[in-house]
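The same subunit A turns up in both complexes below, where it pairs with subunit B and then with subunit C.
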Partner chain A sequence: MTFTSLSFLFVFLPVTWLINRFLPSLKIRNIFLILASWLFYAWSGPSGLVILTLMTFLIYFSGLLLNTEKVEENLARRRAVFWISVGLLVYLLFFYKYLKVWLSPFINVASLDIVAPVGLSFYTFSAISYLADVYMRKSPPCKSFLDMALFVSFFGKVTMGPIVEYHSFSSQLSNRPVTRNQMYEASALFIRGFAKKALIADQLANCFSQLNANSTALGAWVCMLAYVFQLYFDFSGYSDMAIAVGRFFGFELPVNFDHPFRADSVKDIWNRWHISLSHWFRDYIYFPLGGSRCSKLKAARNLMIVWILTGIWHGASLNFLAWGLYFGILLCIEKFVLKDRWNKVNHMARVLIIFMIFCFGFVFFYSTSLSNSFFHYKALFGMGEGGMMDARALFVLREYFLLLVTAAIFSGNMRQTLQNQLIVRCKRAAPLILVVLYLLIGVLALAMVIGSTSQAFLYAAF
Partner chain B sequence: MPKNKNKSSTSFIVYLTGFIASALFLIAFISVPLLQEKPSTASFSSVYTKTIKNADMENYPEKNKLQIEEYFQISPDLFEEVQFDRTDDALNANELLLVKFDNDAAALKFEEAVNSRIDAQKNTYESYAPEAYDLVKDAQVRIHKNYALYVVGSEAKKIADQFEEAL
Partner chain C sequence: MLYMILPVVAIITLIINLVLPDKAFSGQENRSLAQLPKLSFSTIASGDFFTDFNSWFSDQFVGRSFYREMDFLLKRGEGLREINDVFIGKGTLLYPIEYNPKTAQANIDAINTFASLSGLPTNVVIADAAASIESNRLPTSAPRLTTTEFYKKNISSLEDSVHYVDINKSLKKHADEYIFYKSDHHWTSLGAFYGFQTFASDCLETQVSKKDYNIMQITDDFQGTLFYKTGDFLLKDNIDIYVPTDNPDYVVTKDNKKSRSIYDEKKLKSNNQYEVFLGANQAVVKIEMDNDSNRRLLLFKDSYANSFIQFLLPYYREITIVDPRYYYGSINELVQQNYPTEVLFLYCFDIFNNSDSLSKVMDRYAFENQPANEETDE
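Showing the complex of A and B:
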């Protein structure tokens, strides 16, 4: 079950919301949400739910153990409990995501039947954040198993994030009012996210798939742009829906995207793209390593470690490692070589250059392997077998030109600008017009989904 | 011991037990699939070829697979692939049945069928064909995740061992 599936839209979400709305107390609502979340998660396979539940028990007991007198007063014991727990969580990730790929050159693992549970990368990081927050004394341990279960498994974020850090979520477990205005805003956000996914991302996916094997320069460029916009609208669309779902139940989940294509530096774009992941690595890897409060060499080392791990988090194969290295090196160049000189470049030029740099990096992302990425890079620079262009590339560009332009425009602030203009010009009629518009957009998106043009969420693969 | 210290010790033991138990369960849960036998990815023809390699197959002429219904009272439709080798000479105990399947129910039916066959053959040979009886007594039955072998003959063990290597 995903956020765009009909069973979620018409059955699971409304029924869960209705029941939750009329339950008498917060504690009962929490229990109900846990059961609903487990049902949602088990839809993709019961074995994943066992892993999720066992992991919840593990971090629950670890957190409490870290706070007992016998452990808290003994640094060696504290470290042991923390690192064993984190080690187990990392081992889980390694087992499901990396074991087959990394060990296959050395031992025969082809027949091993290992399928990663949905969302493992996301909720494992949430779990590690809890342990780290307790270990670093940022948060007291969670005394209620039910609260812990809800933090880990809440269906609004369990499959594809946002990666929620415990210290920002814990207070909401015991207090989260929902006002009518929040519901209206959440509904609008949900429809926007749904439209991003169904109307833009899924259509761009067709453009991408038609040109993925194209070796002409034009084909490679259109393919690259289509993929980056597809990824943005797919993942930011999902994130909008996740945040909206959270708000339906009173939770404030962290924003995951903030108009990344308006960024004017590499650092800026990573403060705007998949923000929850960037912040996780910043808070739990970069800062503990020393961040930039050390020598330049160590600061560069810390940056590279973060980006290598970020690349590996996305996938086990070499192209993801290359992706991480690419951005790590660029960030080091920006921080230690260019420094303030970059800010002297014209702002628009910076935005365009950063956008192109970002797109180039994502060629590693959609390549099936490192060697496949070189195929795409060669094509981008006109050195592919197809030359500069062919009939197919031209045809696809003609077909999807308007959509690409629409994607480019709406990846900025256009939606908000248009909405504000509507409110200013139409005044009293604006709310009604907006409601009708949103309903129309929602119906159109639904028609796309029902018409079977919908694709799986891209980040579900991570 | 003061009450607080007592309570603190109890909490420590409870949480430590919970921590160790959940860690062990987690490790066990993800390890179990590793310990289970995996289906062989070898092709049926390669398994058969390797199984009978260097064995004297003169007494194992190929039979139509439909005849396993007659000899074993099981339908060949239960299996993805069947190889049945046996002479028409009823006094000759040599026979080989190699099957490939994709579910545990088929494996179970195979096991029941060959065990019944072994019992029936023993009854047949016990009184008047002691050599054949001995061969049936030493029949080899090897059942794996998606392949199974039943073989009777003087080289039955060798053939069965080669079968396991072929997987």
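Showing the complex of A and C:
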């Protein structure tokens, strides 16, 4: 079940919200939400529910064990419990996501029927964050299995993030009021996210798929831009819906995107794109390794480790590793070579250059392999077999030009600007007009979801 | 206000969806709609229940047709001119040109094989693709593929004993007329008429004009294969029938059932009104005319020929129609039972390039007719 499926929009979500609204106590609501979340997760594949609950049990008992006297007082034992538990979690992730691909050069893996459960990468990281928070004494261990289950499985974030760190979520398990204003903002955010996915991302996906094999320069550039905007609207749209869903039930999930195409440095990109993942790697890998509070060489090493792991997290094949290395190396250059000199460059120029750097990096992301990446790079520079352009590339550009421009404009602050203008100019009528506009946009997005098979959320593979 | 409206609207929609009875078939999509899935332990454990539930809820969603039409308008409005590989042209939908040299040549070889083994006078008509004839109606900047290679290379490899009838010059001349359906990949009866005009002049030594037919419009709301592919509900077609003024009485035998008309009126109420010509595609159809002709035609075809047959009736005593896509029997038997005096292969470019049924059928024919001593060779 995805957030844009009709079963979710018109069955699961309203029914769950309605029941939750009228349950008498927070404890009962928590139990209800766990059951609803497990049903939601099983909807995507019942066998995955076994892994999810197994992981929940593992971290629950490990967390409690870390706090027992015998383990607490012995550093070596504490370390062992922590690393064995984390090791088991990582092993589960490795088994389902990486084993087949990494073994394929050595043995025939065709008979290995291993399918990664949906969202494994996301909730494994959430689970590791819990163990790490308990180990680093950022949070006391969770005494209630129900609270543990809700943290891991909450349907608003279980399949595709945002990756929630335990210490920022734990208090909400016992206290999360819902105000009218929160509900209004969440409703608007939900529709915006839905529109981003259905009206823009899913349509740009068609543009991308038509030009993915195009070897002309024009085709490669349009393909790259279509993919970057598709990915942004798809993932940020999904994240908006997730945050909105969280708010419907009183949870405050972390923001995942903050206008990433306004970034003016490589570091800034990662403060604005998939923020929850960046923060996870910062808090649980970069800082524990020493961060930048060490020699330049070690700091550079720490950055590269983080980015190699970030690349691998996204995918098992070499092109994802290359993607991670690309951004890792650029970050090192920015931090240790360019330093303050980069800030002296004109701001608009920086934003444009960083956008291009971002786009070029993501060629590795959408390529199916390392050699496929080189195919795309060659085409981008006019050295592909197709030359500069062909009829197909021109035709697709013509078809999707309006959509690409719309995507570019609305990836900035245009929506907020238009909304503010409406409020200023229409004053009293503004709230009503906004409601009508939102409902209209919701209906248009619904039409596109019904009209065509929705594109699977791109990060669902992770 | 929005936060109250959303859940209320969602729940009311859910209730309406649950209350309204399920539909079995979608005329708009020309397919069966998913029904309520069975709830059992095994379907839940396998995950089938959830997948089927999603399909059921989606297929039976209230207002589905309306939303699909809105989706089409949105796609059109944002600039799309190609949906599911079909071009949204200027006032018409156009099926893409797919030239498959291997398949095309296999079918050409099949025709050559048949002609040489049967020894029967053989004519070939292959109507060009609509996107080629009406290329000026393609959307602006659409890639313009051509069928030239097919006609230059493959057609020219037909044996000298096989007579190729080039109807495409005439079709091109009349390209601005309504010779192809707007919402279907077939030619209209007018297009078939122009094709027949050339065929008659070439093979029947007859000049025909529209005056030789009673032309009747039998429907004005035909939406064909390209409508189903694109969802373009704005285009509707007329279907005309051309009944020769000197039409003989005839009997059509199909599936051991006999009828007096090649037009199946019941199909005008179906989702594929083009099937008014000869009904649904069949392996073999036989038409026996009550006239003085001593010509008997064996016609190998795809669905293009269905609207062409109405023009052939006065000129033949018998027409045996074979669609190799559905025929698994023996061509030898067909020839022996019907003793045709001539053969016609009547195809459109699209099927001729995408279906190798003809070549498979002729492989069997060639095998049945191979000389006896070859069977004993080691």
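Rule of thumb we're sticking to: the second predicted complex is superposed on the first by the 461 of 462 C-alpha atoms of A that agree within 3 Å, B and C clash if a C-alpha of one lies under 4 Å from a C-alpha of the other, contacts with A are read in each partner's own complex, and residues count from 1 in each chain.
Please note the rule applied: contacts are C-beta pairs under 8 Å (C-beta built on N, C-alpha and C of every residue); 3 or more make two chains touch, one makes a residue touch a chain.
Given the structure is predicted, the values throughout are model-derived calculations rather than measurements.
Peer 1: Applying the touch criterion given at the start, work out whether A:Cys426 contacts subunit B, subunit C, both or neither, answering first, second, both or neither.
Peer 2: It touches nothing on subunit B or subunit C.
Peer 1: Using the touch definition from the top, say if A:Ala80 reaches subunit B (first), subunit C (second), both or neither.
Peer 2: The answer is neither, since A:Ala80 touches no partner chain.
Peer 1: First (subunit B), second (subunit C), both or neither: which does A:Ile450 touch?
Peer 2: After superposition on chain A, A:Ile450 lies in contact with subunit C alone.
Peer 1: Regarding the shared-chain residue A:Phe95, is it in contact with subunit B (first), subunit C (second), both, or neither?
Peer 2: Touch status of A:Phe95: first partner only.
Peer 1: After superposition on the shared chain, which partner residues are touched by A:Ile19: those of subunit B (first), subunit C (second), both, or neither?
Peer 2: Neither subunit B nor subunit C is touched by A:Ile19.
Peer 1: With both complexes overlaid on chain A, does A:Met183 touch subunit B (first), subunit C (second), both or neither?
Peer 2: A:Met183 sits against subunit C, while subunit B stays out of touch.
Peer 1: Would you sort A:Ala391 into first (subunit B), second (subunit C), both or neither based on which partner it touches?
Peer 2: The second partner, subunit C, only.
Peer 1: Touch test for A:Leu418: subunit B only (first), subunit C only (second), both, or neither?
Peer 2: Neither subunit B nor subunit C is touched by A:Leu418.
Peer 1: Which partner, subunit B or subunit C, touches the larger number of subunit A residues?
Peer 2: The partner making contact with more of subunit A's residues is C.
Peer 1: Write out the stretch or stretches of subunit B touching subunit A in their complex.
Peer 2: Subunit B reaches subunit A through residues 8-9, 11-12, 15-16, 18-19, 21-23, 25-27, 29-30, 33-34, 38-39, 41.
Peer 1: Under the stated contact criterion, what part of subunit A meets subunit B in this complex?
Peer 2: 50-51, 54-55, 57-58, 60-62, 64-65, 68-71, 81, 84-85, 88, 92, 95-96, 110-114
Peer 1: For the complex, which residues does subunit C have touching subunit A?
Peer 2: Touching subunit A: residues 1-3, 5-7, 9-11, 13-14, 17, 44-47, 50, 53-54, 57-58, 61, 64, 67-68, 70-72, 74-75, 78-82, 139-144, 231 of subunit C.
Peer 1: Can you list the residues on subunit A that touch subunit C in the complex?
Peer 2: Residue list for subunit A touching subunit C: 1, 5-7, 9-11, 13-15, 17-18, 42-47, 180, 183-184, 186-188, 190-191, 199, 203, 390-392, 394-395, 398-403, 431-432, 434-435, 438-439, 443-444, 446-448, 450-452.
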